[in-house]
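Presented sequentially are two complexes of chain A, the first with chain B as partner and the second with chain C.
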Partner chain A sequence: MPAIERRSKNPDTFKNLVKDPALFISVVVIWIFLILFVFFPLIRVLLIIVTEGGHFNLSGFGEMLSKRYTLLSAFNSILLGALVGVCGTALGFFFAFTSVRTNLSKWWSRLFDWVIILPLISPPFTMAITVIFSFGPNGLITHNLLGIQNFNVYGMWSTLFAETITYFPISYITLKAILAGIDPTVEDMAFSLGSSRWQVFHKVTLPLSTSGLANSFLLLFAASLADFATPLILAGSSFPLLPTEAFLQITGLFDMKGGAILSFILLIPSMAVFFLQRYWVGRRNYVTITGKSGSQTKFKSVGKITKYFFLLVCLLTTIFILYFYVLLLYASLIKAFGANNTFTLDHYRSIFTNGKKAIQDTLIIAFSGMMLGGLYGVVVGYITSKKKYFSRKFMEISAMINYSLPGTIVGIAYLIAFNRRPILLTGTALIIILCNVSKYGAYGIRSTVAILQQIHPSIEEASESLGASPVHTFRKITIPLVLPGLFSGLGIVFIRSMTAISAAIFLVSLNWTLITVRILENMTELQLGISAAFSVLVVIIVFIVTTGITSFLKLFRQKGSMRMSSLFGS
Partner chain B sequence: MEPVKIRLDNLVKTYMHQEKGRIAAVNGVSLSVEPGELLTLLGPSGCGKTTTMRMIGGFEEPDSGRIFIGSQDITNAMANKRDAGFVFQNYALFPHMSVYENIAYGLKIRNIDKEETDRLVSEVLHLVKLDGYEKQFPHQMSGGEQQRVALARAIVVKPKVLLLDEPLSNLDAKLRVSTRSEIRRLQKALSISTIYVTHDQEEAMAISDRIVVMDHGDIIQIGTAEDLYYSPKTEFVAKFIGKINTIPSTVLSLVDGQAEVRIGDSKYTVDNILRDISAGQNVDVLVRPEAIKLEVISGTSKLTGVISERVFLGDRVDYTVESKGFNLQVSSYDPIRRKTFESNQKVEIILDDKRMKILEV
Partner chain C sequence: MARNRKILLIASVLILTVSFLWAGAQQEAAEEVDEGTVLNAYSIWPENWATPMFEEFEKATGIHVNFMRFSSGEALARVIAEKENPMVDVLFGGPVETFAAGVKEDVFEAYKPPAYDKLEDKFKDADGYWTAIADDPLCFMSNKKFLADNNLEAPTSWNDLLDPAYKNMIQFADARTSGTAVTRIFSILEVNNRNEDAAFDYMKKLKANVQVYTKSGGGGTIPVGLGQAGMGIFFIVDALKTQQAGYDVAISFPEEGIGAAAEGIAIVKGAQHPGLAKKLIDWATTDQMQNYFADYKINFIPTYPGVETQPALTEALKSAKKVFPIDSKYSGENRKRIVDIWIESVLQN
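Moving on, here comes the complex of A and B:
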């Protein structure tokens, strides 16, 4: 009887629920939300996959699995994920090492930080669109510069390229934290013991960053696996991938079950990454980062030549990224890319007339998602890290499920689960908002947990010993102290809601649509200028929001609180 | 307000340890704090003193046992219903509030009006010598000032009891001494029953009416500083309160509760015995460093040694003396008026029978 045994080991967990009514209500409400909007959709998908006419039947699953195309897609997805993992981690390491260990001037670090963050806050197609602009049949580089006719841009290499540029910032943020966490005196010590620079790097720095490198690889692998937008535009028919195939199965062939099965195959590597990260990398990480900010080492970890080589790589990448964004802006301001280079504001006129509804809808959905997701994140983050109650651990993991799953699965699951009674949500804004909350609310949870770890429990105890009730303590002490975390969380939920597509594309309707979906539609209709204009608009909105929140946070920033950008990583 | 009594009745708190299984942090602690008394829980880290304190404050729940403040059983009351002022080791000031807001926090909860709050805050700030600090924020103040704000915040609401958890451990040595007499002065002036937790024996002796020495979750001895210093019950207490030498000896005979023991070639009669011993047994005899006298060696000297280390400390000289089979710490006070010795000098060791003890291990 394991349940009873556990109870007798920790009798407080039940007692606390009874003693603290506010906690009890929060726990019940959160569990209702999690059951309805995390477990229920996933179970519905699973049921569709394993039943046929109400009976258990795996033949559909077997049939799908035996198709060569399915296996090829699965293989491609994993291959691409691994390649993006390796390339992105390598590029991220270049940037992180340069920024932490080469004594860059402030100006350079700031430039890198800003440029690197661009791909993370852009709508998912941005890089894919600009790759087409550069390397497509009429591409600026392939056609105009190199004079190649009908260059075939579609396939694995371009997808790899676009995804690497899009996701390497995640690696940069992860590795920068790890490298900065290595006490430079450890390296000084190795150096003073007579090691050469290369030996210090090879025997000290690299082994200490192993967990970070592994973590970065897994994060990029998962990001690539889940990426839907880039392959939809760039992969082409010769390089099928699971998320896009699942999408085409449903929208093209109206085969809900086939799509569900394809997305479910995606679940296996995603879950593997989730558990590896949680139980393997996560533990190792903890040892390395001390959080102590020691004095900056004066010893130069790298020689002059190495330093300039690293700087050159970073600079070229930075220029490349900037080039892509300038290109995007340019494409949005001319009549037809590659054919008619006359300046025009038509595309912007178009998005603010025909596209007005999409912009309004997106803002409404992102704003509502931000408020709900922020509240959800703070409450879940607070009770899972501060309170002890029955089911706490399980709640913590459950709240991370939709966040860790590829959006395609979550989207399909919502589509299947909520298109009939008892919970009929298809066609509403609510279905998109709830999907965003259940998925991106995790950012709010993470930022809350991070900031709570810095608040010593005695501060809340002091409040109680002065006679304040737990609710009063939460309102007057905890909330003001976690506010910075709340705002970073809010900002990221907003940004993710603005730029999301992989799940949302299954949930949009005639009544409610999104900018990202319109970008995709315009891409397929070859109205590239409008797509570019929409993309520029999203980048600008997100940029304003990010800057606004960052400067707002500066107002009451506490010592040692984390930067918002660090939340984009992992 | 009349000071109240605090009573702990057989408190037990256990934890699950990953390897060791269930271990007792507090193992049946019973004690009482008389009205207006300052009682100190003293012991090494992990002795259960802080856990005991946290149970009184309401931040830990005892597995069994009762806690009374006055006649009220508060064992199961929430922390905010106990009326116990708690001062934390790290002060736990609210970082987003000014000094005024920190101190007024408890008053607001008690629905005290603005005028009265202003008056009480400036009164308590005067009491802790921080007049005019109302608008400062915690991060703008020194550790000692923060400590006094924490104290002011706890006492301004006139709690029934005051609980101080190692309040001085984050201050430097000089500030510790001045702040502890401040705390003692306030505590006496307010006549508030207080429990004070520390691992510093000197601090405990300086501030307390009585001291509770704890080890491994048990109370070893309760008494005044004098009781504990002059009449420790166990070797642990003797070693924890002040310094003490352990000298190996052999019991020669036992008569009327007095033991004749041999140390080196000398015989001594020890009558301070708190342990079952028998003739022929080897036991450690305990002597404080200041109870040992050193003399210039003469023909009749029996117990002798060589000075291996000499440390001049101004008010005294500390010697390490090597004798046959043991080392001694000897303190000689007011050295200018006494004979002093040099390193490597051979000396006679004079032990006073009356000041030797044989205690429970």
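Moving on, here comes the complex of A and C:
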């Protein structure tokens, strides 16, 4: 790519920064944000971990590490992450391949897209509750359907199952984009050269999706590492995991330091994933939107039998997911699950009266976070990938820190750092919003960077060589191409603000509370109907908002460009 | 240059939004300073009990209680974390062992309400750091269908629970998060005359029958009600609630005896509204609040002398031959050590 090389002759210098006042201001503002809301809290936590009574002391760390249970938790976390990565990627690939390569009618694709989105936009615990209802000792499936007695649902397998179903959509989205981006003419060429379908899959399609597969594995691995809601309900005491143990250490044993240490152990695999993704997978990106792609031809990748087999597997999974959500809806509409199956709207009445404040607070926090986070994502994404200036690389990595850290540790860090002057933020909405922006704004950065990387520089060059001024090129080419990044950033910050709990649970206060925290509280109070009603409400709100953003996004679609099937598919 | 202008525009929007939100936050903080009739609390009691109590308090005194509900461990962890900038005035409800742990962390203000002298010793801290507003014994709760299917009677001895018929069918709380669990462990220690070897030996044997240790004390009640688990050990307040919700469960007590834990209230050190907090404690520690337990079907035993216990609770307690208070001095001194042993030798084994 000669164009890129030409640009990179221009090194990241300080001079560049001073030369361009607008860039200078943006960079300074972003750095202030990163120092205050990424580094400062982490340094405060680190200080707590490595000091004892004001002196440097690592004995607490050593003591924690010498416990068998700690090591077991670390091992389990990594094992579970790897298994979720493999299973989720396999299932995601199945779906992505079916959706992109089997000439499905629009109706099927849409059905899959809509159903698969459900786990992504659901509040935590949803899958865990329905798994218990279905596979518990008195579960609908294990007990009532299969007649199994004393089935123990708690442990690794149920956690793996629930996390795979919850997170495989991430893999689907990643792989669908990759598969859809492989120009079908490449496969056509192989076919016309006499390759069999298997050869094409094996020698062309699979190698071209390697980066996507690896990326999907790492994303799922990280998601599983950070998940604390599912194991809190399903893992039981025989299968301890780090995020849950860290949470229990703090909330149960009042041991802030021990919890901070446990979540710091999580840092090692999280950071490993982050750097692998960045330096290994990142280099294997294939430019796919070249602007030269011809008309789409009909895919010949699979035969009829294979197609129906694929379709069947996907359909069964889809039905399974739908079943979970119907169960959730059902639980929200009856008096007491399993004991009193009378229809009632009481739970909904309760969430709109007692829970009204939580709903309002959550919406205010999610919308403010969405605006700030979307802007933050696009600005950081744009200047780090298109501009050259001093500290650029470091900024790029710094902006990803909170994103790659498990929520538990970010929440603890914010709680410790912002509970005293000069930055007194506990008890405000701002602390939750800033936490969401610094953590989930990274999705916006990633999507912006991904889009800018996929746009071959030749598109902009073509515009310029045809005589368009740089202003014109920026306005007519770059902005429309970056917009999907902005909107998917907006959407994801919104979704995460509506559904996240691991960091926010430490930051809610009397003045500002969140629906997800209420769901957990209602679950501990055993008001399962109210939890279910809240969960249904969250799913509906997020569904409406993301559908709105997706439709809005379609307005910006350039004629003849690839269809943006969903907000996440960019 | 337009590119620069765009970035400038975006950057200024970013700055504006941040400063706008910041201003909003500051204003919010300013409003807080306004003294008056609003008291802030963390409640360990579930909302459906705390809400009616606080509404009655507001009717009686005109003071509104702004509160959030947390399990005992979380609530205390918050109060400790907020030590330098307390967000609430009062910690309301929850087993007194949580309050004893808080006293060690120096997060409470001593206060002896007018009712203090009338309360039994087990219902108050010697220095007045906490006072009890209710008492709550543990009990066995079993699913009737499970008992019938396995030809079992409702258990009446700790040793009944070791029966292999209970394999994988017992649910009760994890001592790391739940005061209920700590009370259970101290009950087992008491019935074994504080012989730790014998008590932990029993708990290790019992572990074979445990399906899962739940996060909250009442976490196993619905699973037992649903038949996902066969039995569990819970506070009677949770067990009766399950029964009253329509689940077919039997409540029984071990003949060797079982422990009870009092529920406390305390002022948070550095509270912004200490005057209002004292009023709440004055009200909650007497019949003024405790008379409402019966009205709202809250199955706690009142601590204030002369307040009548709910009929359903009195009925359930009839079969309890021996209920003893957990010695708060002994449990306070040994809590951490015992929980650590439990984690090491029972939970993680």
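Some observations on this one:
The working rule: the second predicted complex is superposed on the first by the 457 of 570 C-alpha atoms of A that agree within 3 Å, B and C clash if a C-alpha of one lies under 4 Å from a C-alpha of the other, contacts with A are read in each partner's own complex, and residues count from 1 in each chain.
Just so it is clear, contacts are C-beta pairs under 8 Å (C-beta built on N, C-alpha and C of every residue); 3 or more make two chains touch, one makes a residue touch a chain.
Because the structure is a prediction, the values reported are computed rather than measured.
When both complexes are overlaid on chain A, the residue A:P480 reaches chain B alone and has no touch with chain C. Applying the stated contact rule after C-alpha superposition, one finds that A:S368 touches chain C and leaves chain B untouched. In the superposed model, A:M400 makes contact with neither chain B nor chain C. Within the superposed three-chain model, A:I459 lies in touch with chain B and out of touch with chain C [touch as defined at top]. When the shared chain is aligned, no partner comes close enough to touch A:L65: not chain B, not chain C.
Chain A is touched at more residues by one of its partners, and among chain B and chain C that partner is C. Residue contacts after overlaying the shared chain place A:V50 against neither chain B nor chain C. Using the contact criterion defined above for the overlaid structures, shared-chain residue A:L79 touches neither chain B nor chain C, since it reaches no partner. Counting contacts as defined above, chain A residues 470 meet chain B in one complex and chain C in the other. Those residues of chain A that touch chain B in the shared complex are 9-10, 12, 19, 456, 458-459, 461-470, 472, 476-477, 480-481, 556, 558-559.
Put simply, chain A touches chain C in their complex at residues 20-23, 25-26, 29, 33, 68-69, 72, 132, 136-139, 150, 152, 154, 232, 236-237, 240, 248-254, 256, 335-340, 354, 368, 371-372, 375-376, 378-379, 382-383, 415-416, 419-420, 424-430, 433, 470-471, 474-475, 508-511, 513, 521, 524-528.
Against chain A, the residues of chain C that register as touching in their complex are 1-8, 10-11, 13-15, 17-18, 21-22, 24-25, 28-29, 32, 40, 46-48, 51, 66-71, 73-74, 76-77, 80-82, 84-85, 87-88, 101, 105, 167-169, 174-178, 211-213, 215-216, 218-219, 221-223, 225-229, 242, 245-248, 339, 343, 347-348. Partner chain A is touched in their complex by these residues of chain B: 16, 57-59, 61, 78-86, 88-90, 92-96, 105-106, 109-110, 139, 150, 153-154, 157, 163.
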